[in-house]
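This structure is in structure tokens; I'll ask about it shortly.
Read from first to last, the chains carry the letters A, B, C and D; within each, the first residue is number 1.
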Amino acid sequence: MFRKVLVANRGEIAVRVMRALREMKIASVAVYSDVDRNALHVRMADEAIAIGGAASSESYLRADKIIAAALACGAEAIHPGYGFLSENAAFAALCVESGLVFIGPPASAIEKLGSKTSARELAKKAGTPIPPGTEEALPNAEEARRIAREIGYPVILKAAAGGGGKGMRRVEREEDIEAAFRDASSEAERSFRNADVYIEKFIVRPRHIEIQVLGDQFGHMIYLGERECSVQRRHQKVIEEAPSPFIAKHPELRKKMGEAAVAAALAAGYVNAGTVEFLADETGRFYFLEMNTRLQVEHPVTECITGVDLVKWQLRIASGEPLTIQQDDVSIRGWAMECRLYAEDPDQGFLPSPGEITSLALPGGPGVRLDSGVYQGWRVPLEYDPLLIKLIAWAETRPDAIARLERALEETHIGGIRTNIEFFLDVLADASFQAGDLHTGFLDEWFLRRKKHVFSDADLAAARNAAELEAKGRKIERVEPAARSKWKQ
Amino acid sequence: MSIVKVEPSVWSHLDGHRHRELRVESDADGYVVTLRGRQTKVKIEDPRAWSATGAGKAGSGVAKVLTPMPGKVVRVLVAVGAQVESGQGLVVVEAMKMQNELKSPIAGTVKQVQAVEGATVNANQVLVVVESDAS
Amino acid sequence: MFRKVLVANRGEIAVRVMRALREMKIASVAVYSDVDRNALHVRMADEAIAIGGAASSESYLRADKIIAAALACGAEAIHPGYGFLSENAAFAALCVESGLVFIGPPASAIEKLGSKTSARELAKKAGTPIPPGTEEALPNAEEARRIAREIGYPVILKAAAGGGGKGMRRVEREEDIEAAFRDASSEAERSFRNADVYIEKFIVRPRHIEIQVLGDQFGHMIYLGERECSVQRRHQKVIEEAPSPFIAKHPELRKKMGEAAVAAALAAGYVNAGTVEFLADETGRFYFLEMNTRLQVEHPVTECITGVDLVKWQLRIASGEPLTIQQDDVSIRGWAMECRLYAEDPDQGFLPSPGEITSLALPGGPGVRLDSGVYQGWRVPLEYDPLLIKLIAWAETRPDAIARLERALEETHIGGIRTNIEFFLDVLADASFQAGDLHTGFLDEWFLRRKKHVFSDADLAAARNAAELEAKGRKIERVEPAARSKWKQ
Amino acid sequence: MSIVKVEPSVWSHLDGHRHRELRVESDADGYVVTLRGRQTKVKIEDPRAWSATGAGKAGSGVAKVLTPMPGKVVRVLVAVGAQVESGQGLVVVEAMKMQNELKSPIAGTVKQVQAVEGATVNANQVLVVVESDAS
């Protein structure tokens, strides 16, 4: 096993990885940008190395500086977390060339799975179902029209190099396809400097269901159940859960999807933890979407229901240990659900809300897991992702997990900035959400029917009361004086 | 009734048996009170307790266009003296990888531009002042 | 199900119960003494009622006031937590007479199991093994001598009404038995106003292993595995874990002990959650010790490995619902270990250390559960038990759980008062502890070989550095000035 | 070297690459510094930084007997003028259900008793003063 590992990331995921390192008695090395000297991931580390300016392009995205830091402190391996350099094949290759272990898949697997068209091709060869459509970039709008006629409308055009919804166009009717092709191509060119676009059958009201896989360097790979991440805003996951309410009703799908995921990953020569994303339609048909060649943000829900520590296994596998868990050893217990607490203002179009965290109340008790990257008094910088804390609730059943998550959200307060806590409370209270009737357009529909919480008159009177006292700056005001402990130190 | 401050800005409010815990934070125009994760705004009837914001009114007159979030000015789209339409983009501010285009609430002439590309700005800072031609 | 429940307790257990109530959408009612107006359990409650003076005898032990409070606010049931009135048969009976549900066993079962001699008798009839000795109080020292000769030395004399080590005497040789009988009787008389003493075979180097049982009002009862609580100081549990390292090596014992526990509990007409305590010797022989007729402090370790929420089941069972878990449904996953963080000073003979918590850092991340009764800025009163927080770590294996608990303890800081955090770190680092070689005298032996942590010179230099800066009151001192985020709000 | 205060009394200490986080609290005779749950005492070479305690020395002279913990005086076992042996109980203080008997570190005569039954006392408060007969 490694003696020292550099974590090439920041925020909650860097803290998460460092906790695993500490539990495994491995020294942890943080890297930090100029504005992150005080960040929690530096506070948690055994060693810390400055790597440059606040902009990610000057620090966390600088492969050269990160590798130099690892070599300078004698780290043997680099954990990339998610985002930043985690899915950068060149970085993975550079690690290996520099004599460092990249804790993730081989560069070749990242490369193969990085392009959606090559990933689709690979999945198809492995027998993993892919949506009807092209595996290759469309040469022109004519070809798009031809294939659309073949597979039937609605169809979707997607940027081959894309992600995050950029360069995507849904087309309902043949007369719109030419304009859509033009728009998608030029947006793809602008966003990814690659105009390639491919076409797929558009899955109506699909669920986003993904399979966690874990494989060692000896060809042994298992799947660790699924996660459902259909609750998305602008193609970004907002609430994730495991198992999927859909698969809970169709349990035979778990094995099918799991085996399809493992087949696709093995076909790419995949090693370590990875996630195969699928879209599933209402009939239970499912289609390969893409593979994420790294640890996911939402990995804790899988850890909660399977009892498997994915980060520790990432480290063991990267150090050359065999995966000793067999597929039959994997069992699922209960239900887990995660909320991503962001520094953003849902009342102002989810605008970012960086700034100082002036107060912080965190939940506890049974079944609550908190993966935090912040602390009270810290100033959330404006340069990075707004994810502050992941709040995960586990319980015996899905209704219990929702109730626990609500309870935990009510206990949570992040003062001084705006967050999406109340937004989550509103989503969790929704009847369709509670029924598990999810699809990737769920939130878009929900915003239209959203019910804001209504305070009682007594609640409002109490709120006014407290605000008035706060305004007066009084410490304590009581009608009936409460007794104090008899002693003072 | 018994109201006790249990932590800074946190009030434990007992009204008979009924208990509520309230977290109070000051806001641009009053207070935001949080009760079990739910928030409500409270205005206190003492105008000195907070400063009026310079938020512009839509339609006519003088509009002070401010950024609702802190961030970095990535593009200034107008100069002093420019004629702008209602809804026209004036400045783009970026924070946390998200860009926000500030739009003019009125048609008129740009009177002031207090944004420089690359500069960091605070929430509620006035970046552009537009004056209605009618006023 | 109930609509409103009063929690007749304070501290972490009251908070624990209220969290369950909130998740079940049941209104919670706190009761509080004069010094507890600011306590966390009041902050967590939907309703709160003052019940008197700081001394427990004026408030938390006043059955009349608590029942009056429940009736005044319309609560339908009372959860007693542990300690205080939780094992008071008269209180349980008074609840029922007042039309309230006591969330626990019937008064008759508390009564039967409250006296050690009657509990032994009951266990014996149910076929649960008891240590050789008397089931009844000894009439005199002669009888003690006669039985001791029969069962063989060493023997132990115990107060029938006792607990906590009071009125107990271990006797090695016949010539000491008369004096020991006299001492034990008079101490029992002083401590419990009952001089009755019985005699048992003394088990050498026994392990304290207890079985969690859960039974409904329809005679269906299951056991939820065991906990090992052999790490004790002055007969008080300090570290608890589940499963037991001993039973992990002798798995056939779990079923045997579990069934013996259920038999004893059913014989007493037991309903709801309870714990049957056993002593086990090195050969795997085990003996009934006593039954705790309430929720245990250490219940979370069982919850962590079985996934069963004991408090929610307590509420369901008390409201008349059947227990739907069958014995075969109970499975054990991984390992859980609990530390009781106390306001006490291990460097001064574990003297209590009440006072203001001036700073509070709490751990998070995977596998960490925190049942806290405190918050930063709160003054720990001197009138009650020094238990502040229960810190529980779960992981796949016992070594992993120990490593996680160490990591979590290192992340924890309770400033302003003294705690036993460092003491725990020292215990967890002990080779015998890590090997699972436990017995109830473990800590007594450990204190003699205790190794205090030795700081490196560099650590000490850093500590001095920080203390000097703190003394100077400087906010920041740096040789190389660290950059700040470019913006200020 | 870079040392930054990250929270009140919490210092992030970088010595080259090596990072340590130190929590500093003042103590009766200096500071207690916590490093990953482990504690060490630090005396700062400025005697004005803390007050000397009145802890009595064992053996002879004048012994000021103080309670190491806050609590309530449940029994006063001696009166002024009483002769006491070394190790003899003087006062019993109770906190959190635990009783602590304060013993005389020297043989001698009780000169002062500042404890009253039922009163609450602070940590390190002097409750009894015993003077050695030889002194």
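A few points about this structure:
Methods note: a residue touches a chain if its C-beta (ideal position, glycine included) is under 8 Å from a C-beta of that chain, and two chains touch if they have at least 3 such contacts.
Please read all numbers here as calculations on a predicted model, not as lab measurements.
In terms of C-beta pairs in contact, the better-connected of the chain pairs A-D and C-D is C-D. Centre-to-centre spacing of chain B and chain C amounts to 52 Å, using the average Cα coordinate of each chain. For the pair chain C and chain D, the distance between mean C-alpha positions equals 30 Å. Those residues of chain B in touch with two or more other chains are numbered 2, 4, 7-8, 18, 70, 72, 120, 123.
For chain C, the set of residues that touch two or more other chains comprises 37, 355, 382-383, 410, 482, 486-487, 489. Shown here, the protein chains touch in an arrangement that is not a line, ring, star or fully connected set. Here the chains touching each other pair up as A-B, A-C, A-D, B-C, C-D. Of all the residues in chain D, the ones that touch chain C in their complex are 1-5, 7-11, 13, 15, 18, 20, 22-26, 30-31, 33-40, 42, 44, 46, 49, 68-72, 95-98, 100, 120, 123. Residues 29-30, 37-38, 42-43, 45-49, 72-73, 375-378, 486-489 of chain A are the ones that touch chain D when the two sit in their complex. Residues of chain C touching chain D in their complex: 343-345, 348, 351-355, 358-359, 361, 382-386, 409-410, 412-413, 415-416, 421-422, 425, 453, 455, 458-460, 462-471, 475-480, 482. Per the touch definition, chain C reaches chain A in the complex via residues 15-16, 19-20, 22-25, 34-35, 37, 54, 300, 303, 307-309, 312, 331, 333-334, 355-356, 362, 364-372, 379, 381-383, 395-396, 400, 403-404, 406-407, 410, 482-487, 489.
Interface residues of chain D, counted against chain A in their complex, comprise 2, 4, 6-8, 12, 14, 17-19, 21, 70, 72, 120-123.
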